[in-house]
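In the two assemblies presented below, subunit A is common to both, partnered first by subunit B and then by subunit C.
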Partner chain A sequence: MPRQIWLALLGLLLIILPFGLKGYTVYILSIAGANILAAVGLNLLMGYAGQVSIGQAAFLAIGGYTSALLMTKLGLSFWLAFPLAGMLTSLTGLILFIPALRLGTIYLAIATLGFGAAVQQLIPLPYWSAILGGHQGIRVPRPQIGSFVFDTDLELYYLTLVIVVVLLVLSWNVARSYIGRAFIALRDKPAAAEALGINPTRYKAYAFLVSAFLTGIAGALQAHLVGHISPGEFGLGKSIEIFAMVILGGIGSLPGSVLGAVFLTFLPHWLSEARLLYTFLYGAALVLVIIFMPYGVWGFFLRLYYRFPAMQKLFPKGA
Partner chain B sequence: MLEQYIVLGLVQGSLYALMALGMVLIFKTTDIVNFGQADMTMFSAYVGFTLTVGLGWPFWAALPVVILFGFLLGVAVERLALRPAKEAPVVSLLIVTLGVALMLNALASWIWGFDPKSLPYAISGPPLVLGNIIITRHDLVVFGTTIVLSLGFFALLKFTKVGTAMRAAAQNKLGAQLLGIPVSRIAMMSWGLGVALGAVAGVLIAPLVFLDLTVMVFVMLKGFAAAVLGGFTSLPGAIVGGLLVGLFESLLIAVPFELINQLKETLVFVLIIVLLAVRPQGLLGEPIHRRV
Partner chain C sequence: MLALEDLSMRFGGLQALDRVSFEVKEGEIVGLIGPNGAGKTTVFNLISRFYEPTGGRISFCGENLLRWRPHQVVERGIVRTFQLLGLFPYMTVLENLMIGEHRDFGGSLLSVALGLPRARREERDRRAQALWLLRFLKMEALADAFVFALPYGTQKLIELMRALLARPRLLLLDEPVAGMTVAEKTAMREFIRRINHDWGITVLLVEHDMSFVMGLCNRIVVLNYGRVIAQGRPEEIQQNAEVIEAYLGEGVGSARA
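Let's turn to the complex of A and B:
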């Protein structure tokens, strides 16, 4: 079957999915949507452009706070504040772009780590707690378009679905356009890429702009879904969680990031029954996935695909 | 007063240096940044707690056992988690070390619970007063151990066959393998030694702070920062970096300005980022050559 039919079926599934599920599961699905955007944002940066970042939670925080404050303090409406939050976060991505110009992988990792730590420490300072709410954080208004307020799990799910699909299509196009190919060229053979006329400074800047934009939007979306935002959510643990989503899904593969994000969003909820075992199983899951699927879930799918001719008939190449 | 802060900074810094040394050693021979170093250190420190407080052993008797435990833990992690995953790209192996860290964290919470524990000092007794500097006996042990361990460690790398093999594997894995060096056994050794160094740092830090499940994460991040500052591939760099991070941190506390104290952690990173902007390969790292 051609890919259009598969995509249509998938779309239909996503539309009818919430009807079979409990409200809470629908809510977690929406949170997974926000995580998908964060994972895709990091994957474009790390998997395509080869710039490791373990400070992505900072962009989530910036996006979330910006969208909330634009609505509550400046009185902007949701459909204006939300994309604006992404764009403003995108500009803060340039803070990391400057050290990235000179630093190798591991040195950049520490710079991004420092950035993450700095943002998390700066937010709760008493100097601006009147606006940012200190450690307690602030309430985030529900999304609203015109007079329609998205306030049930179902409405929020469909809003999330639309936002995620639109941004995924955009990301997919960025990844497959000359920009994505330039990222890959600079990652693999910087000198050859430069000789072909790819300006490394400009494309590194693009990588950080795109990544921070997607992550900022993810942060804003999550804040609006939860209805509250506080600095405690954006520690090193969150940055590492996004990192793990990209790796488990398969580095350099956007569908992989989607799977990785959904998997790691639901894993804690599946494991929460296990209580004391929870942390242990979570750790064991990370180790086992990498041992048995060294290139992530998507890499595992690809291996199956090439192993079994039946799969190739069902999903023709390029699908 | 300033001298006092410098001494405190150097003591703290030598602990970061031990941590950094362990991470750099593992990185040099295996290309893996061990993000589980914190939890491995934490676990080893808890073993030290059981020996000293639980069983009443003196510190000097517990230390070698903790070192041995750290070594075996490192070997086990390499054999059971990293070697089976060696097909995976290096960034994915970071996730494996994190997974191991979570498992150790869970084990530690089962065995020792969530209440913070306090460990005894290596040597008790009144602090020594030198001019206007006060230094505790434990601080002296920290200093001494760091110096002895790092010298012993450099001797091991420089003068023994294993050490030579480790340096060869760090420079060129394929070449070392072709010369008959068992590179995977060397990786195992490096993990053992690297985690053992962390274990030493752990039992020396634990008396200075309350030992709980997460306290070592901050020590590891400082150690990581120290290692990067020194140039991640250089072992002397790790020590210099550790001492500098400790010193800088301590001097920031000395500044009578509240905002600076609140942002201590951030400012350490800012310093490192500024230094790296000037010297991208770190203080003692090998310059980065771009090969065409």
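Let's turn to the complex of A and C:
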């Protein structure tokens, strides 16, 4: 019961939150929402299923372009184009699943790196610049349901909130199911997992499908929030950023990924005053967190939880 | 039930198994013994289909076992435990047990993600089944404990329980009492007897503790350097000169680690 109360309070807080904030901050909160989905998508793949990817930005790009093009070129409405973009992206996830069947961790990392680089290089090629817009990219329509257009920062925030909450619930359901347990089993002891009937091919495919779906949705959401998409956004830096969100929040923990994504989305804005020192401070902050919170921010909270009985009274176990 | 015929396995220059043949009949408890490196675990890994044998056949209930992939072996009713624990350390006891029930889950990825009633009911039923087994062994207090924090003997027992939840017809136990105390060994022996007698599960086990093996098994197969050097009832094995020479040594019946 107390768990439901805390979740309700959190929900209420998220609903009234934008009223105390500047429009720009509300916008950044929405961007953080897209990043949450990308981080959770990578965490299910990397933290649960043990498949490292440093090419996730490619799925963001595929999701973003797909949703935009389905709306502008095929005239689909947003509520059709948006989920469809996620599904089509999840199918492209199977491209990485094939090398994952054969490659060990480090080699898979390199393969995903190559995948990310290839997609980013392919987008601006002149052959399809009439459709993809080359380096300049393309305009992305605002989300619209019926005749209602999500136009202001506030409207986009609430749309994002609903999308993120729904997908977090779905992700949580998968993570806590027999499928999530099969991911972990194959990660930790593949032989034992197989001997108990877990088909490695099927569950690796699931991991890539789920991960690419969430990341594709994240990319589509970000594209609709920004209103524009171009290949420059989807370099190695973006893939590493998502990677850092997962590590920072705590690998294998979905709440951790939420915190990691929000933190790393806002950090550049908090540091923007520092201008020249910005990159240095960003790096230093990462290093400090890794040193002092080796299990991520969520792991750090869990340690506090077990150290201070008062916290255990406030948040009973099982939450 | 299980028949190995002229089974051979070569790793590079090492002939791990050389034309091994023996049979396990339904309802038996068979012990597979022999010195370290004799090929006992290799036999298990071949039955689990982790390796492709370089020669010979394995059949189970008349079917050619070599046609199956590792994850399909359990569907036919063969479940194993591992010498160095096959438990998943970062899962709770209950979650580990529910991995044993893996093949009883059938909800699609979509129904699981959406939390549809069927997927929820499946999860609830499997959980109840695993809890029932824990309660049966008076271990329900451990349900939410993380496996890595538990004593070794307890972990061994949990791995056996997980194997049972996979509904085996033939259970392969790789050193089920290694590292256990005398009391734990006695309890384990009684438990395996019950599994065999009351639940009708056939058992093939590898173990170095000779008093445990002699006191439990109906029949014993002895391996040495990848070859079967003897098989028979425990009394026959204890009298066999070649077995004493290769493995048991003088003072038969004493434990040997």
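Note that the second predicted complex is superposed on the first by the 318 of 319 C-alpha atoms of A that agree within 3 Å, B and C clash if a C-alpha of one lies under 4 Å from a C-alpha of the other, contacts with A are read in each partner's own complex, and residues count from 1 in each chain.
By our rule, a contact is a pair of C-beta atoms (placed from the backbone, for glycine too) under 8 Å apart; a residue touches a chain by one contact, two chains touch by 3 or more.
Just so it is clear, the structure is predicted and the values come from calculations on it, not from any experiment.
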Partner chain(s) touched by A:Ile240 [first = subunit B, second = subunit C, both, neither]: first
Partner chain in contact with A:Pro255 - subunit B first, subunit C second, else both or neither: neither
First, second, both or neither for A:Pro83, with subunit B first and subunit C second: neither
Touched partner set for A:Leu125, first subunit B, second subunit C, both or neither: first
First, second, both or neither for A:Leu103, with subunit B first and subunit C second: first
Which superposed partner A:Leu209 touches (first subunit B, second subunit C, both, neither): second
Touched partner set for A:Leu170, first subunit B, second subunit C, both or neither: second
Subunit B versus subunit C, judged by how many residues of subunit A each one touches: B
First (subunit B), second (subunit C), both or neither touched by A:Gly134: neither
Touched partner set for A:Tyr178, first subunit B, second subunit C, both or neither: second
Intersection of the subunit A residues that touch subunit B with those that touch subunit C: 191-192
Subunit C to subunit A touching residues, read off their complex: 48, 50, 69-75, 79-80, 82, 86-91, 95, 98-100, 102-103, 105, 107, 109, 112-115, 119, 122-123, 126, 162, 166
Residues on subunit A engaged by subunit C in the complex (per definition of touch): 169-171, 173-174, 177-179, 181-182, 184-185, 188-189, 191-200, 206, 209-210, 252
Subunit B to subunit A touching residues, read off their complex: 27, 33, 35, 81, 84-85, 87-89, 91-96, 98-107, 109-110, 217, 221, 224-225, 228, 232, 259, 262-263, 265-266, 269-270, 272-273, 276-277, 280-282, 288, 290-292
Touching residues (chain side subunit A, partner subunit B) in the complex: 46, 52, 98-99, 102-104, 106-107, 109-111, 113-115, 117-118, 121-122, 125, 190-192, 236, 240, 243-244, 247-248, 251, 276-280, 282-287, 290-291, 294-296
